[in-house]
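Some structures to go through are shown next.
Presented sequentially are two complexes of chain A, the first with chain B as partner and the second with chain C.
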Partner chain A sequence: MTSRNADAQLDSSDVSGVAGALSTLLVKYPLHKNYYLRVFAQAILTIWAVLTVTFFLVRQMPGNPIDVLIEQILTQEGISYQEAYDRVASSFNFDPDASLFDQYLDYIGDLLRLDMGTSITSPGTRIIDEIARFLPWTLFAVGSGFLISFVLGIILGMSMAYYRDSALDHAMSLISSFFTGVPNYIWGLLIIIGPGISWNWFDVGAARGTYDPGLTPGLNAAFIGSAIEHALLPIITYVLATLGSWMLSMKSSTTGVLNDDYVNVAEARGLKDRRIITAYVGRNAMLPLFAQLSISIGFVLGSGVVIEEIFVYWGFGHYLFQAITVRDYTSVQGAVLILSSTFVFSNLFADLTYGLLDPRVRITGEK
Partner chain B sequence: MFRRTLYLLMALVLCLMAFAPLQAQDETLNVAWPYQVPPTGHFNTFASNGITLGQYQDIHEPPLAVLMWATGDYAGMVAEEFGWDDDGNYVIKMVEGYSWSDGSSMTADDLMATFNVFRLRGDAVWANMTGIEKVDDSTVKFHMDSPSSLAERIILTTNLRPASVFGDIADRAAMMSPGDDGWDALLQELTEFRPEAPVSGGPYTILPDTISEANLMLELNAGGFAGDVQNYDMVRMWNGETEVVTPLVANAELHYITHGIPPTTEEDFANRGIDIVRSGMNNGPGLYVNHAVYPLNLVEVRQAIAHAIDRIQNGVVSLGDSGVAVEYMTGMSDGLSEAWLSDETLDSLNYYDYDLMKAEELLTSVGFSRNDDGIWVDDNGDTLSFELTFPQEFADWSAAAENATAQLNEFGFDISARGVQFQQHPQDIYASNFEMAIRNWGLGDPIPGRSYLQAYNRYNGQGEAAGEGGGAGMNFDNNVDFSGGMVNVFDLSNQSSQGVDKDAQAELVTQLAISYNEVLPAIPLWERYTNNALNRNFISVPDSSDSIFANFGGGADNWMTTLILSGVTAPAEM
Partner chain C sequence: MFDQQREAVLRVEDLSIIYRTKRGDVKATSRVSFDLRPGEALALIGESGSGKTTISLALIRKLPKNAVVTSGNITYRRDDSVQDLLKLSNRQLRAFRWKDCAMVFQGAQNAFNPVLKIRRQFEDTAQSHGWTDKTAIRERALNLLELVRLDPERVYDSYPHELSGGMKQRTLLALGVLLNPQIVILDEPTTALDILTQRAIIDVLNDMQRQLHFSIIFISHDLSLAAEMADTVATVYAGEIVEIGPVNDIFYRSLHPYTYGLLTSVPTLEHMQDHLQSIPGSPPNLIDPPAGCKFHPRCAFATDACHKDSPPLALDIGTHPAACWHKDRLLESRKEPV
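The block that comes next holds the complex of A and B.
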């Protein structure tokens, strides 16, 4: 059995077509003369490098999809190795002996055609369909937690800085340090064991999943309400685990700004505290956090793995975890493509937009 | 500002409390098995990631028969009558009057479709079969090379699939042979086939709209096999592995699991009034040695190791009451030994009791001695220093490895234990990249010869059976010279499951048992018993002394689905 259909091979016409298009673009828009094109090209190159390393690295992991499933079957069922092998080997569209280089060319060829391929362990199932099934839930839950955590952290951090050295500041610093030190999976377990099992505040089983069974996903109140309800525990966990670091960062940044001359001048001019906090202090204190925020966005997709497993809230993290566990190489590659693209482009976004917020580092277009 | 923050936090807490506690549903059976949700999971139960529900496949794709382990007899399920005819072919007459959930009748066509798809997949059952013939609407004849109790078992434990779903592919497969044009394409078509909905022939059918990562529901399929004797309207199948389902059991939302749980969890469950059901699994961890490493190839050394390890202690330390020390050391479970070996044979075996004096005697008999530090030195002057590897993620095997290491070192070996990533570990064994290792002996199967396939095949030239030419594994010479003469133990283990003459099979099994007991190619430590958590406050099944619990609790023939199909499992209040 071959690893790909014959029509999926990367042939020379594909390569020459892509190369031709690239050379036309380079003549029209020379990279070395345009900063934006250059950083975009660097981003694409970075993603390609990550994908290439991932492609070869996952194949160096112990076992392959066939081995892993055989071991699972042997562990769960009382059948012989040969029966397990017969059952597994014939049901995968995967040839462990196929040339790595051929597989790589197939993979890159598919990607150039915007085809992420099909799952090895679920033959015929497109990777893009699987990602579309899981990704939105992570974006919703972790993204919501991320935003809530960021906004709360900014507000509380500024307050800590504004009332620095007060009892409030000391108490909040202690709390935020504690929150920062406890990892998200511990928060998740504490929520299940404490409010869930010991105090019966909520039903552990009913809270699982991304929405109640039987509902039709769409813009209807029942589904949206159910989705929010099921996302609450992951969101709370994520907020608890990240709030402290935003608070401390914002406090640190705000404290620095509060000592600047222009703030003293604003106070001397008799401006209202509210205006000083928002227009003078807040805006400038936010600048360093903007870069941190952009980088953190890149981590959003990958940071929910453990939380999603603990709450059985299957999103992108679960998908990646499962793909690695069963050595579904094509699924891992698809997930890493999404992850690396998110990370690289969020950084690129930070690079390109930071100048809009801070004129001191603005890029003039051509360098 | 702080007041607003406080309000926000309070709102979050109130939302948390809004989850209403779930009341126990008496008419719903709550059990668990891991599955994948669509689109990864699907309803093609012939393909990987199909939502089969593991051992609970029996309740939506019923088996032909179930072996009652206490008696050794098969109880018919979908197969009403079954057995060998005078020509050595196997004939099955199916029950009549049942239908699939899509309305189609359950007939011989379903059996034909099921086995023709097996042929397309290359399943092992076709190794002994030459053809399959529909005799009438309810009867099928399996043409065999020669009668075999193994083939009988594989046939009878098959889960029936609907011809209305798989018939088209099965019919085309029946018209072709492996290697024909289109054979590979048809196989690919099968693996990529995605039925739109599950079709059940058992008492319950999966409701596709209820599938979530948390659980799925199966509703009563009254027209299906055993649908008329059920005591539940619904079955809720919780999803997940041990760490995921444990809180649900503790919270009394999930009432029966087959997941292996650690002794501490077992104790917690017992304190909550949850019963722990133990059935022998016919397998467990053993101490494997690489026979290419001197002096582990010497039988006296392996026997000394067996005497130097207190297996009772090792089992209890590793898995509490479910780690039961192996007594007979025959390479199969004690239960199978007692079922297949005569009392005379059992009495003649070496039980390898914990006896350090005997271990010392064995080592000195081959010229070994202790050095000044009390460490054993072989006849070449080398200390008995070895590395013992184990899959580090398996808590019970890790404990077994560390305990065995400690006991052997106390006796005078110099062993260092090292954990290896669990997916890498078997690969190391297959590739002979080990000195000593903890791997499994035995098989959860009632046919005794199959227990030896771990030692004589899987870990000793893995891949040979699959035609892959794998590594040498433990490098054990399968040509064994023992008190009964010279035998090839791998051939013997295969031969012992051929034919249908139980006395003749027992004779071969006896040779296997005695030769293993004498040579000890690997040293069984303890047999794993299930520790299935059963909440009898919600589920009514017979008392633990009932013979049904002899049935292995995890795979084919498992007692829970057997009782469901028999209409015995019921809500506790009834």
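The block that comes next holds the complex of A and C.
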């Protein structure tokens, strides 16, 4: 269709010449039919939509950092409004007078050049550097919490299924339902109030931050120990808040698999128990959990905003929270870009790798 | 044909099994005894729920958790060593399973782990029983897959979902004899397969048995399959063996009204639909089975004696043992032209 139109207008317009060439190319190399390219394009499109919504939403928030900064300069230095205005505009690489749409085009244009811009409230600070500074801490805390919770949940859930209807199963079902029912921020507060303040197991004040002041970041025991110590409370919170749902999911899927014929046959084949538990029961029971895994990675990263505020853990969530507080539009945009990309790409990654775990859904050629 | 004189590989004596349920004890198997000789093919025939599968599960000690063996013993012989199967330790049991006695379950559709290649599942089986050389496993597996008339290389490197139902069934048969077992139990080996595939499976089984010399116990309600495959047929009714004997005796000189009923409920080429009969009534409730002969409520020959006393599985009249008080009357009635 496109191709025929393009041919008809070939003489009259350059644009249709490009379109014609493009459609001829697509016929020759059907890239749009390639599954991987298509899901990748979908992912990019999703992120773009999130960024666009974020861009306009943050600017609808009450309060405007640029006016605040202009006012600061005006009162401190006593120069004319126009001078202050010019200085702010030049120092931000940003024109406050430009229409919202022009700002948006600039923003997207910069992004396409892989430039996330600079912070509004601390001029000159590149957002990419800020994110590189804060994100690793969160990845460390969320990642370890997540890993511990997933592995524990798998093991406990499987044992519940193996000993179902025993006292152990009933007790663990109760506990895991309770764990799932309490939201993560409540867990955070409970940890501070209970062991922290009431029982004095640790010094709440000293737990702030990501490592003890005075230490040099690097591969030395003191620093690593301190980093683990400071991350411990958020990690425990993430584990407590997510463990229950892993246990319950794993229990129900293991119970299903245990009734499957192939497990019965594997026992009749005289396979070693460990082989049956890992390769026959465990692997099949874990399949449905992998779909959940990618979704909850994004979810946990997002919930870090509140948890890190509670523990004053200077990670990515803390950074995003601060940026929102001072209406630092560009920083918020940068943080949301990271959040949504993590979410979208972890989902994409799960989709693409699921076939490695389950050969029945393996993508064979074009879909 | 198998050798009548050789010592039995498997001897089941007086085996009784109950299932404990909320509604009471289900007497799934009562006082079952039989011998299985080297190379013999024994068919257990009977209706669904008659206890055929319970007997076979007991042989590989894979009864459900609520099952209790209340009496009897099962002795297994390999060369000169004799084992009491009901007294095996877990370790001995694991070694016994598949290496000595393999069971091809009903519904091979889901018998394979969906996430592992067939190759991996053959290797798992062999390695669990002490094989280490993957090349040797592969060679043996490919030979067996060839024997069941599959494309060995292709099937060996496939995932289960890439095989059709009949292919899976045949692959499972090949896997069943991988460790050269003395006994292969086949539970409804051809159910759920189309008629041509059934034919192929039967031929394959006959071939395999001729070449590998294992004994077969197969469970079926398909009498034509029994007629074709079995040396010996045992009729199971309400958890008891009510008649057992050489296949020809059972089919042409049956002594138990139930066996006879089963035979006449199958259409044959000579006797078409007009003589087809079904057995009236339905199998008894095994929680509270009828007193005396359990078949008497459905039996045309039943008398007072049948209500009171359970007939023994005795060899008194006719060519083989049967548990009925009125074998003479059954034989009499069959002499009359139908």
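Just a few scattered comments:
We adopt the following convention: the second predicted complex is superposed on the first by the 300 of 367 C-alpha atoms of A that agree within 3 Å, B and C clash if a C-alpha of one lies under 4 Å from a C-alpha of the other, contacts with A are read in each partner's own complex, and residues count from 1 in each chain.
Note that contacts are C-beta pairs under 8 Å (C-beta built on N, C-alpha and C of every residue); 3 or more make two chains touch, one makes a residue touch a chain.
In this text, all values refer to a predicted model and were calculated from it rather than measured experimentally.
Contact with chain B, but none with chain C, is seen for A:G205 once the two complexes are overlaid on the shared chain.
Of the two partner chains, chain C is the only one that A:L357 touches; chain B does not reach it.
When both complexes are overlaid on chain A, the residue A:R87 reaches chain B alone and has no touch with chain C. For chain A, the partner touching the most residues, choosing from chain B and chain C, is B. When the two structures are aligned on the shared chain, A:Y280 is found in touch with chain C, with no touch to chain B. Overlaid on A, the two complexes show chain B and chain C touching no common residue of chain A. Contact residues on chain A toward chain C in their complex (touch as defined above): 260-262, 264-272, 275, 279-280, 283-284, 287, 357-360. Put simply, chain B touches chain A in their complex at residues 1-2, 5, 8, 12, 15-22, 36-42, 46-49, 54, 121-124, 154, 184, 187-188, 191-194, 209-217, 238-240, 244, 247-248, 250-251, 253-254, 281-283, 421, 423-424, 426-427, 443-445, 450, 453, 457-458, 462, 465-466, 552, 554-556. Within the complex formed with chain A, the residues of chain C that make contact are 60, 62, 94-99, 102-103, 105, 107, 109-117, 124-125, 128-129, 159, 161, 175. The touching residues of chain A, when paired with chain B in their complex, are 1, 61-63, 67-69, 71, 76-83, 85-93, 119, 121-126, 129-130, 133, 152, 155-156, 159, 192-193, 195-197, 200-214, 229, 232-233, 236, 309, 312-314, 318, 322, 327.
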